[in-house]
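Working notes, beginning with the structure itself.
The chains carry the letters A, B, C and D, assigned in the order they are written, with residues numbered from 1 in each.
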Amino acid sequence: MKHATWPARIILLVLSGIILYAILSARRGKKLYLRRIPGLNAIEEAVGRAVEMGRPILGSIGLGDVDVITLQALAIISSVATTAARFAHRIVLPLRNAAQVPIAEEALRAAYTAGGRPDVFNEQDLPFLSGEQFAYAAGVAGIIQRERPAATFLFGTFYAEALIIAENANQVGAIQIAGTPSTTQVPFFIAACDYVLIGDEYYAATAYITRQPTLLGSLIGQDIGKMLLLGMIILGVVLVTFGSPFIANIFGDKDLETFAAYFRAATGGK
Amino acid sequence: MGGFFVPKQGAELWAYIIGAFVVGLGILYALSLTPKSLRKTLIAGITFLGGLFFALEFFWPVDTAGPMAGKNFLTAYIKPVSSVTTILGAFALGLGLYSMVSIHGRAVAKRRENWGFSAVLLGAILAMAIPAIWKEYDKSPQIAGFYRIMYDGGFNPLNATMFSIVAFYIVSAAYRAFRIRTVEAGILLMSAVIIMIGQVTLGQLLTAWIPNENFSSNFRVENLSNWILTRVNSPAQLAISLGIGVGTLATALRLWLSLERGAFFDEEL
Amino acid sequence: MFDFLSNDATVRVIYIWCAALCTLGIYSILYKENKVYRFLEHLFLGLATGYTISQTWTTILKPQWWEPMTNDGQWWWALALPAGLLFYMVFFPRHAWMSRLIFGFFFGAAAGRTFQAFAATYFPLVKSAVNIPLMNPPEASMPGAYWLTGTSAILNNLLFLAIVISVMVYFFFSFEQRHPAIRMTSRFGRYTLMFAFGAIFGSTIMARMSLLIGRMFFLIHDWFQVTVLGMKG
Amino acid sequence: MDNFLRLIVRAQRIDRRILYLLLALCIAVPIAVDVPQPRPVVMPETQSLYNTIESIAKDPVESKKLAIVCTNYSGGTLAENQTQNEAIVRHLMRLKLKFAVFAFATPQGRELGRAVADKLAEEYKYVYGSDYVDLGFCPPDAIEVRLKAAVDDLPGAFEKDSAGAALTSLPIMAQVKTVNDINLIVEVTPSETLPPWLQFFQRAGEKPIPTVYCPTAVMGPEKYPLLKSGQLQGMMLGLRGASEYETLLGVDGFGHRGGASLSLSHLLIILLILLGNLGMFAERRLRRQQGRA
């Protein structure tokens, strides 16, 4: 679809409207419920174990550019860092994208300050490892084998390097928590990690950890949006079963003329 | 000569380039004077404008006929605007380089433990970057040969080998993870094994005796694995991606309208 | 002095030997971390960074920025340089906030593109999810259909719909999944997810093995048989 | 009996290095020693890809148009993508279809795609410039714009071939003006590079352009919905798909040769999984016995 059709305009506007309304009402202080997401409770446990063993924590915010997904990952790692800072514990966070470097440095410095130990933060623990996927993987594998982290937090966009990182960390006995919207890598995280966030649990994670009204509201809005889409799918299947491709056409490329034709047919060809 | 925004040539061109650069620096200076109270608003404004262009271009009705068929008044600017984003993104590389060179440069300068590896890294940057750029300007065979050794003898095989190492890890991961400890692990194992058998000729031989027609064809392993991929995997993937899609839309809205909260966004400026 | 670099055959022998040594050296990490791997890791990081630099210049900055500016006389591209400098404001604590201006522009652009990406990516998916009639499926009248095709097509379509519903229900976060019907649906969703992930795992194995086959083919054929033993390619 | 159980229990914790060695052997031996093996069964999506190209060649109007072979892979996935690419290009050349090589994910992709075309061109007497053309590399950030522009003015959007010659000066481009002069999109890729074609090009003309997909095995499964939704007309899944395609074409390529290694390595993994599970059950049984004793 190059440009919006009228149904696309309406659907996108309605979805956006629902999400924004939910965000704004949450910001005005509406009470919101969020169900438990199992993997997230393990974060404290993992940090605690790393502190006990006296080995560092390794984080990764994946291969993404500075985009939505990477920023979510950084928010999760930052909250891990705040917890770690309370025990004056080190986090190593290798970076693949040059533009991530200043943002990650700022975010982690802020997190350590919030945890009361700005002195523990060290820029050298956020090395930039080339712009290439497997050079990054080779570098992270080397860091894992040398530093032997006791816990790893892998969040963000991942591709084939996911398993290289996760298996190396597994070999050194790290407890691992991972989350990614890249569906193709989820099975490998399931195989190699202790806790995995699946699908849009990833988007829910930041809301769950930070308890920010904006993010909670957004999540509620997303839920309503998904229900709406699901409702349309079910209605569409029923209509298709009775011979009407109405909903299917709404999501097609053709604009109004299809609907004009549909209504002509429905009203007896006027 | 004509207007202001027309291509220039020769000395005049360079005067314009330098002039534009200086004016740009002036704008930077003016921006740096922004009072604290206005900074967040300014950033929010630029964010909104950056998104508004693409959103409007998509939503604005297009002409249905005539020379502008399928276009609206913004479509023509898609190309230059995208060029600008690409070019600006390329300028960010220096940030990563600075981080890398400062860490390893310091290690070499202070002769820290294992500084030799840092020296290798710094040397390799130059050994790759210089011939790769040089060969664009100088077509001599020596440079091409040197580049070839660096690329086909170093970078490319290292890349391919690091990628292929996943094959080993996939075996150890499968061996460890595919134990029927829970119902879920059992399901994971079952579907993975059926797909694996259905994928290779040796596996397909197992059921090759079953006629591949009508009802009996359902029992051939490659058809079974295809059924899993199309009838079970597809809808599950579809449902996951719809969820992620709505999540992306929500996050995009928060970013665009500067409603986003979290580590990076809540800092005092 | 560097004349041998202009001889294709010599260059080929050199790079095949280098490639073989790199390949074997990287695999040594499978045994355990060692100096050879560490050397190659740093070499790789350096080469990759060098490659990124050269690609940034040759495929982006030179053709899209430098040449239009200096060859085609489009002087206004010079304004991009100060804009790019905004990234580097992070090095000056007093002005670090200014880098947010350019990040803001990037976030905005990414967000603005999402609307079209959403419509283009997810609308056809919804359309395909809807196009599954639960009566008189078109498959029943297609060539190759037999007495059970109609029934199985309906069952498959029902399954398709059931999976879409249950997986989406699994990902609802805003209410406790307490009601037995919802809990069952959600659990069925989780089971089908595991089925799908198993399928991805299974089919990925083939892709990863193919990569290893490629490397082994290089080691055995290109390097050992052709270059070391001098056999005919 | 107990000793046997104990042995299996120990097999549960085989050192990973032994697993790695076994895998290396399973892959290497069939490559070093040529093993005869049967032909694979052709999957419907592979057959559909083949039929799509065949029907284009049979159509008097469509067969005159230009196919775009987009080779977005790099050295990392040669085994899969190069084999697929060779199979497709061979098929196009057999049917005397004109095509363009193009890449936007990595500059390597263009070089590799061009090399395959040049190699096979000798065999099928294809001439550069009149039978096939190299549209060069387009940086990934610019692909959206490039494709949008190509919809109405294809030679204008791509301007020059990779050697710097104006596209309009090449005989092959004489009849190629807009998106309506393209008969096929082939995307050979190890990554998420399909969306630009589907979003900005496939359906931008008078009728949708047949689009076929040659992903690595890992990228394939998530694209099955697109086959059903009609956005894809065929798919060649990884090395196996290439091997099936070689069967359809009746040639012995790398897809066929690598098949034995593929089979053995899969067999190894299945055996290992079996062993691991047996070990787990044996351990449980031993523990239960000890509990009783």
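For the reader, a short list of remarks on this structure follows.
Everything below uses one rule, namely that a residue touches a chain if its C-beta (ideal position, glycine included) is under 8 Å from a C-beta of that chain, and two chains touch if they have at least 3 such contacts.
A quick note: this is a predicted structure, and the numbers were derived from the prediction, not measured.
Ranked by number of C-beta pairs in contact, the top chain pair is B-C. With centres computed from Cα atoms alone, the innermost chain of the structure is C.
Separating the CA-averaged centres of subunit A and subunit D is a span of 29 Å. With centres taken as mean Cα positions, subunit B sits 16 Å from subunit A. Spacing of subunit B relative to subunit D, judged by their CA centroids, is 20 angstrom. Residues of subunit A in contact with at least two other chains: 1-2, 4, 12, 68, 99, 102-103, 106, 129-132, 134-135, 138, 160, 183-184, 187-188, 190-191, 198-200, 219, 226, 229.
Among the residues of subunit B, those in touch with two or more other chains are 58-59, 70, 83, 85-86, 89, 92-98, 100, 156-160, 162-163, 165-168, 170, 172, 174, 176, 178, 188-189, 193, 196, 199-200, 229, 233-235, 237-238, 240-243, 248-249, 252-253, 255.
Multi-chain contact residues of subunit C, defined as those touching 2 or more other chains: 26, 29-30, 38, 40-41, 44-49, 51-52, 55, 58, 60, 64, 87, 90, 106-107, 110-111, 115-116, 118-121, 124-129, 131, 161, 164-165, 168, 171, 193, 197-201, 203-206, 208-209, 211-212, 214. Taken pairwise by the contact criterion, the protein chains are fully connected, each one touching every other.
Residue ranges on subunit C touching subunit A, taken from their complex, read 26, 29, 32-33, 37-38, 40-41, 44-49, 51-52, 87, 90, 96, 99, 103, 106-107, 110-111, 115-116, 118-120, 123-124, 126-127, 129-135, 157, 161, 164-165, 168, 171-177, 193, 197-198, 200-201, 204, 208. On the subunit D side of its complex with subunit B, the touching residues are 14, 16, 19-20, 23-24, 27, 37-41, 43-44, 74-78, 139, 141-142, 144-145, 148-149, 151, 204, 217, 221-222, 224-225, 227-228, 240, 243, 259, 262-270, 272-273, 276-277, 280. Subunit D meets subunit A in the complex at residues 16, 76, 148, 151, 191, 199-200, 203-204, 218-219, 221-222. Residues of subunit B that touch subunit D in their complex: 70, 75, 78-79, 82-83, 85-86, 89, 156-157, 159-160, 163, 167-168, 171-172, 174-176, 178-181, 189, 193, 196-197, 199-205, 208, 212, 220, 222, 226, 229-230, 233-235, 237-238, 241. On subunit B, the positions that touch subunit A within their shared complex are 57-62, 70, 72, 89, 92-100, 103, 158-159, 162-163, 165-166, 169-170, 172-174, 176-178, 188, 237, 240-244, 246-255, 257, 259-264, 267.
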